[in-house]
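Each chain gets a letter, A, B, C and D, in the order it is written, and its residues are counted from 1.
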């Protein structure tokens, strides 16, 4: 097996040119490997076979670091676009050759400024080509990039930068520079800050500050003056090995301080290639980069996979214009957390709600058609010709334009990852004919643990083990996995590593799940520690309930409480966009978010939603016992700045429960009103407090009904 | 407003001086024997109660009104009166108290219009809109885009200004003025009718313009806080006469000024 | 040389040698001027009160005259016909206010201007449909308008004053007087003046804009009717009268769109100037120059006083 | 809903500033051109060409001309008819004086004469505005009309006092004069109109267009950003009259084949103005809409009674046309002051955001 890969590698360089479309060496290999091995291999039930199945990359394979991939692309697909950035009103484009030049200049500049192999350097800012280049430039020198969430408040930033002992930071603009300046005293190692946008930084002392251009100029001058420089730089890249540390990603863990996940080039590149091969991604993909750089998903999708497959990454003009920009580009491949799809759905519903009666009827009708037949047609099942006709019509009148509005017309593969998605949301997109699939991944695994094949997509499950991944369910129901993508450990935290990573390479995901007997796919219930039981012992999976709630456009966030208590209660966050426009239509007047949230009519509306959720819960024998008995609507939006959400917008239930303990008590002591004062953090970091008197409502539950069997399918 | 307020650049020589300017409409005396100067690189505030003649002053400076007596020395050359065209060509740009945007045009076109003086390609190239004409358009579009980026209005680039909220329109108007790459920028109540946040933004833009482009700025503003924050020197008008001319702090405690603002029945500071 | 003589010397020689003709011409011009003024008055009334440049004023003249004559043709006694016509004009005023002005309130002046164009076409078409397109004779006698002429011997010849012309001048003067009183003395009149300044002001006087519009358009209608009768009596009633209205536009430029005295003075200047030039210089150019000469006068004026003779000077604010 | 704009991203300003940035629009345009240049000649009969399309195109051009002045530069003119006349008479003089030069060239050149005249009468626009200016342009109308009738030299002293269009050939094919087929004349007119529309589009999308529009929207501000008002206005007059002139020349030489002065009387001016208004101020496509409605509608009206077999005197239908055109104008101003073009825009926008309302 391994021999065969090696064999293929031997005759690669020529291949690449002949194979043309396929991006790079490693990808070619794996593509072939997969073709030999699909489909019966990577099931997790039989570790022996899956063990053999792993197409582990042989160390002698040439392109085992991202900088090497860059050099290769610059040679093999010189003129193809590598990056586009909507800047100054048009899509500025850089080919792979130009990208190489940019990266090289900056990289050598960094070297001149004293960045060495093994150093850590921070990347802070939005999705800008230059920041991606900076990552590669550093890696080319053997230094380790540490991306930080751009919206992190100075506090968090200080922790990460200090913990990673970064010696240099590449940041986007004044905002970030100021944040760093604010905590500079705690960062002894940080010697230099390089910024992309000079705006507003004119009056700053420039001792430790450089512009991106400065550094590139330094690099170019060096290149011009010193003949060997270029050679040395490329040798430096050649020296790099797949086993080298390539990046440290700080996971905003749902509990406690964030940990620095160390990934090697090999980890990421193998996973990337597997993923590319898995969905047959090639140079022609268009991907839009708008998720946080510090999120492993973006690192893989907008960086490693792009370099591996040779496809083009597009950076939007501003965060507000993402939808418009996506529409202009027409992305073909997407990986996003459920939230993105939720907000999109909300947007659709809200905008449709304002449409004329006739249009709405049309929309609703064809939506029902889609719900009925869409998925079947997408999955290639046989449906009556009339249905096909109707769906075709609907596609022309509604689905097509709809997808077009949001730039989804060309999507070949779309993944939802990072968190479980509400099945209804998932089905909605599938029904429109979008090939949306589930993916279960973790930073520790370079994302990919399990993913769904095109022809076995299911709303409730997250798919079978990805190529090269073995999965087990521990006796206490936790998901364990092992793969070439598995991280080498948490930075400066051996204990933490030991807890998660077993000596024989298995990772404790911390998620509870099981393999669905019908589909043979993995099904995730919740975080292991969150799955609880009520006093009477009935199973209680909060996230499961929360997701059901969050399907309603009007509900932005939901927190379900009940572990070790008599019954389940919910705290709900309304969605300002949706409820706001609802209020407009029903001329409900309100002065503030708080006022709107507390409005009796709003409560009425939310109560109905929860009632429906209870009905659906009643239909599942496992969950039937855990129906919501009481709820309240929170007076403020849950916010990462207050530590209520993680930077990836996951709710931190534990933290929220003690933060709002007065409310929680009130929920359980049957009182109908509760007073609370909460401290909030404003965008500029300073703190304030808001007080509110919050109403609590009871809501009736339903007797458990016999489970509908076809629901799983 | 980040960074130190203290100016590292020393305030340059006089860019424009107004000498004994008087202006009257029919019987009404709008300005009486007003003199003051504006130095290169400074932010100069002109304040005063309503109807003190502030706007008339600006109108005289950029040649929209011809003063009855007195003279204006711009860039060292004295003249009895400016002419709008000459003013524009000489590098005086202007925004207006109540917006004077081209409502029928998009944000982009409005700012592009600001490049009118800089675009020279002949009529016959315009007919085919290719070759040099197009090349010129593209060059200037590029510059305009920098301004759009600077003012953070990329998202509304292609929208008709008439449809924009007031605050944004103000910003676009500033953009149009900047497109002229002026040496002297006259701002007539740039923050009138803005909420706090918008005011902060606008202040930042004004400061940045002054810093990044080194543009000299003369602004009329009612919000004292803003004036104190932004300006290097302040001239105070009342009933069309200069009653004070000093640094912000100096003005704050000048008794004439205080009387003008509080004492007189007509004095209302919006 | 010869040409210069023809232009600068000969005409004045003629005036000197034949003063009777001169007086005759002046008189004709004066009368024409009076009627121009009357038309202009119609424009001014409406423009003052509603800011609308009523292009249809001309056709209203024709329409009024046609209605009068047409009704009479259909056997309606003259004065009853006159009454009916007045009613028609009132109806027209109301109709215009309801169907045109009210829906177009706070549209740009330009749009309203265009609307009056539409009105013009509509009236032309309607008038022809109902009363036919062919010329008619004004029922001067039935309205007891004087006919014939008074002749003065002397000045080395004789000058004749058509009685109808005298009547025209007389009626015009009365008309003006009435309007003047109406504007200065009556409550409504003052309201109208207020409107001219600001609509709020008008409302404060307690008269709705709608009412005011109806009133001014009706007034303009009456003025049009009078004009129609006079012109009709002097020549005949047909659609060429519309051109006369266009002829009156220079008067507006001269007098200013908002000034009643301006309209009168302007009217006279144009009228007289036109006739003189036509009579003494016209032949040089092959005649017919009265179609445009008035405009030349007006334009010449404009270049020096853009706001017209009596229009108030506009200070542009920004 | 037909607008599927995904993937239409611009990597250059040239592309972004194109007259038709959206692919679907370009396709639509192409289709229309194919129809106009290929299908119509193949299928069109004499009536369609001669009584509908040729005049429609010519009026469209004249409307574009006036729209440049009134819609873009905001200067109201009531003299269009006269300026068209100047073109026609200039063309007559030129082609009779220099018969050998190709008539098409003369048609275009005659535009320059009316441009010159137009500029002359545009001069007052420096001092006077709005209605005053409108009235001033009437001076041009009446004066020129007078010239057309009173200066025999203009119409070569022909006894009828009318323009008599001589026979002229292009590559052996007669394109003016009695023997010219309607098809050839159609093609000539079409070509000229298409080219001149393209030029107009270039103008209004470029520096000049912005200059005019800024003068229109707020002349004081325009002056203060360094636009020379007089130049801008005169240029508008010149270009506008050029278009009118060419239209006028075509009107006589390629449609009527002979005309008297009163073709260019004030009513002609008004008619064109209506086309501008109904079509929509400040839009080129609107000019076509306006011309179509105002010109073709009456034809339809005359056809209707005939279709029902009702005998209706031409005079009556004439008067009916007046009534209806008049009402149309008012109705349109009430319903959509921005004209047909605005309706078109709205419809297009709806299609673009379909199925959403905005």
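One rule holds in what follows: a residue touches a chain if its C-beta (ideal position, glycine included) is under 8 Å from a C-beta of that chain, and two chains touch if they have at least 3 such contacts.
Model, not experiment: these values are computed from the prediction.
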What pair of chains has the most C-beta pairs in contact? C-D
Centre-to-centre on C-alpha atoms, which chain is most distant from subunit C? A
For subunit B paired with subunit D, centre-to-centre distance based on mean C-alpha positions, whole Å: 42
Could you state the distance in Å from the CA-based centre of subunit B to that of subunit C? 49
Taking each chain's centre as the mean position of its Cα atoms, how many Å separate subunit A from subunit D? 58
Subunit A to subunit C, mean C-alpha position gap in Å, rounds to 79
Going by the touch rule set out above, which residues of subunit B reach two or more other chains? 64, 96, 100, 141-142
What are the residues of subunit D that contact at least two other chains? 12-13, 16, 220-221
Residues of subunit A that contact two or more other chains, please. 89
Complex contact set, residues of subunit A against subunit D: 84, 89-93, 327-330, 351-352, 354-356, 359, 362-363, 396-398, 400-405, 407-410
Residues of subunit D touching subunit A in their complex? 1, 3-13, 15-16, 353-358
State the interface residues of subunit A toward subunit B in the complex, per the touch definition above. 87-89, 174, 178, 199-204, 317-318, 320-321
What residues on subunit B touch subunit D, complex-wise? 62, 64, 84-85, 87-89, 93-94, 96, 100-105, 109, 112-114, 116-117, 119, 121, 123, 126-129, 133-134, 136-138, 141-142, 176, 180
Contact residues on subunit C for subunit D in the complex? 53, 99-100, 103-104, 107-111, 113-115, 117-126, 128-129, 133, 246, 249-250, 252-253, 257, 285-289, 291-292, 295-296, 298-299, 302-303, 306, 308, 316, 318
